[in-house]
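Before I ask anything, here is the structure I am working with.
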């Protein structure tokens, strides 16, 4: 690596909008509020911002938001494809921009009326006008056409190879709901569930029950990235981006990489982990807490393996030992995650990871938190970031 | 002015702009006003770019203004519009700008800074939108 | 129909206008009662306490429970006879039979307008008086050629208080398939079929072969590597030259799911989808059929057959191989 | 359960959408609850004989769902004045119907409001459209 971006950039501000099932406002307004509040959280002014990043999926133009919020001249803007796979990709783009001087203050945002507007759970059976219609055509005639069903296919294979997978899936859903029950911003605030509720929840696609699946949310999240230098003098202690990577492993299809030798794992995330660890000089032992993309419960298991917290096929044991709990080895998704806080395509996870490093999570673990992992959606090209305190 | 059988392309109405077109339907040329700092803005947006407030109301514009710029459309011709079509960018007396159509005026009579006033145009299908004409 | 036949038909059919449907007001078999109201509310997801919560109702402005106004027409319905023996003859049935005898056998309720003047209470008897109010001139619609008829009903209680009125509009038409030349309109209802794969330059040949009953596997003409799904270039040697081999459809189950929710029209549930490793070495996605989900396991041997699964779709389906 | 006040309702107000999953159970049980025993609402073979894929929803159920949608929102003291339904595409199992509504008229003398209601299913589109009129305190 000729240029190492580790330590060059920092997250200075974060914000979420209110999360709901029906925001009653436009996606432009959600995005504007998240962006405004993240800039304010950083102690900056809208006119300080000169870069913006978002998802290709996002419906709101950068310049629309810039004009609404009163942002000044932009010298950098970029979009990342692949749905939730873009979550930390926004930070990745922003870090590269500030590390190279293309911009100094970059706002990363994502806002969607994901419940009251277009619902991703409705699958790809509708009129599909995108260029990947041919791709989905290999699956739709058989009825395999929802995100849950694609991930379930990997999961069944994982269950065939590993032990106690369903119990571990419950543990993940349950731990996260317990976090959410204590998070006033979470959709499922004060609404815990137990194993009987889990077992009785509606079957979606084997082996997924309703409570294995993330929700659909109206809301927005934003993150302000600036140089480590500038972040020093801002409102909150700088949260340094120590490592950040994007990866799409060979032989990949969007959500349906069913043709690799083994499918019960996430090779793209293996690559992202290797890159981020190399940049940062950190290893799994250095990571104190995590925000792991959780569209469905088992994807957390595979990512724990990718990032080296346990061996291949050992994640269920790791999880069932209580690792993800507040007093565990790796408190994870302390906001409730996308299963129980809100589904903002993982950007609310970047917000939470930042808060964990700052010591501001509503479920802040008792132990010292120096370094936090945050990841993007998997099954698609993905990525991850390692955030930590400045030394 | 001839009435076309085909109607003009209508604006898409969303949460941030429907109220403005509803006002136009009532005959009002509305200008959004920030309740935080009183600044005016157009076209409508959910947040004030001066003070970032989301609170707003609107004022009814006087309809008086001057031509800031203009263009005359000849080609291509879309059904539902009358050509040559004079499109003006009007600097309203209140300070905001609005893009509209100029009526009651030949293309070669339009000029910069020309005083204009708003007239509500009602299409055959009932759709109402503000036009401008030379001040009388 | 010839113009003469139409004339004869219309002469007779318009005589039904103004005829009462029942002789005299007809009383509903059951008076308004809480059991039928509760059942109706349960199914409709109706939680309105005005219909079901006695305590609430006593304290409410009304002071008592009421029947859901939308139940008005339910009270005087005929009942199970309609399914077991057929609808008993009345003025409307007589007219409908006459329509049917001229081929206007299609029947489609299009509008119901109800107005309510008083709320029915538990214990009220409901009386219906109905009349055939109008029959339109002949109309051609997307459903076919036919006539709209409208019935008008008045609902009263035991004290003669008018509870409400109803206009019910029905289209009686000649179903299009009975017409000699009328092509099926795009608006005609169709039995849903599976979501088809779009056929583009790189995959049309594969689906065309599937329609012919063959499952092909793309083979690089340069290095011989097999690949699926089809792509225009060999990922091994970058050649764009290729041919195909036909799969024997001998396979082994690599992974599978059972789809529960959401359910899509055009698919039969339970629905099993598998990733199958073919003997040739490539994998294919297809449905697993001919066995119970509890008997399906990863590694099981499968044999595929190319079969028609609905009116528009031909697909490979994989069956367990019994050793 | 509170009931909305007439004075607080404005023309143009929207009622939050309601999604109703259409199942064979809902169709057949609701037909029976409305005492509509026409076989096409509970016997799949009969419905298929009519060219439909499965049993389909009867009109009295569509009316009931439209009424429920409005009074869920208005509260129980609302008095139903009129209900008008125009039927479109059938509701068959496997679909989801989204019901939505908007206040279009207010009558100060009667303290009644008119709500335009539509129910659109995700496969064939508009199932029902019409209006409900209610009087409010």
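Order of writing sets the labels: A, B, C and D. Residues in every chain begin at 1.
The definition used in the following text is that a contact is a pair of C-beta atoms (placed from the backbone, for glycine too) under 8 Å apart; a residue touches a chain by one contact, two chains touch by 3 or more.
Everything numeric in this text was worked out from a predicted model, so none of it was measured.
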Maximum number of contact pairs occurs between chains C-D
Round to the nearest whole Å and give the separation of the Cα centres of chain A and chain D. 39
Please tell me the distance, in whole Å, between the geometric centres of chain A and chain B computed from their C-alpha atoms. 43
So, in whole Å, the Cα centroid of chain B is separated from that of chain C by 47
Going by the touch rule set out above, which residues of chain C reach two or more other chains? 262, 264
Multi-chain contacts only, two chains or more: what residues does chain D have there? none
Where chain A touches two or more other chains at once, the residues are 122
Which pairs of chains touch each other? A-B, A-C, A-D, C-D
Inside the complex, what are the residues of chain D that reach chain A? 16-17, 122
Hey, which residues of chain C end up touching chain A in the complex? 194-200, 202-203, 228-229, 235, 254-262, 264, 267, 271, 273, 275, 282-283, 285-287, 293, 298-299, 313, 315
Note which residues of chain D are touching chain C in the complex, please. 1, 20, 26, 29-30, 33-39, 42-43, 48, 51-53, 59-61, 63-68, 71-72, 76-77, 79-87, 89-90, 92-96, 123-124, 137
Which of the residues in chain A end up touching chain C in this complex? 121-123, 125, 133-135, 137-146, 149, 152-154, 156-157, 160, 202-206, 251, 256, 258-259, 263
Chain A contacts chain D in the complex at 22, 116, 122, 126
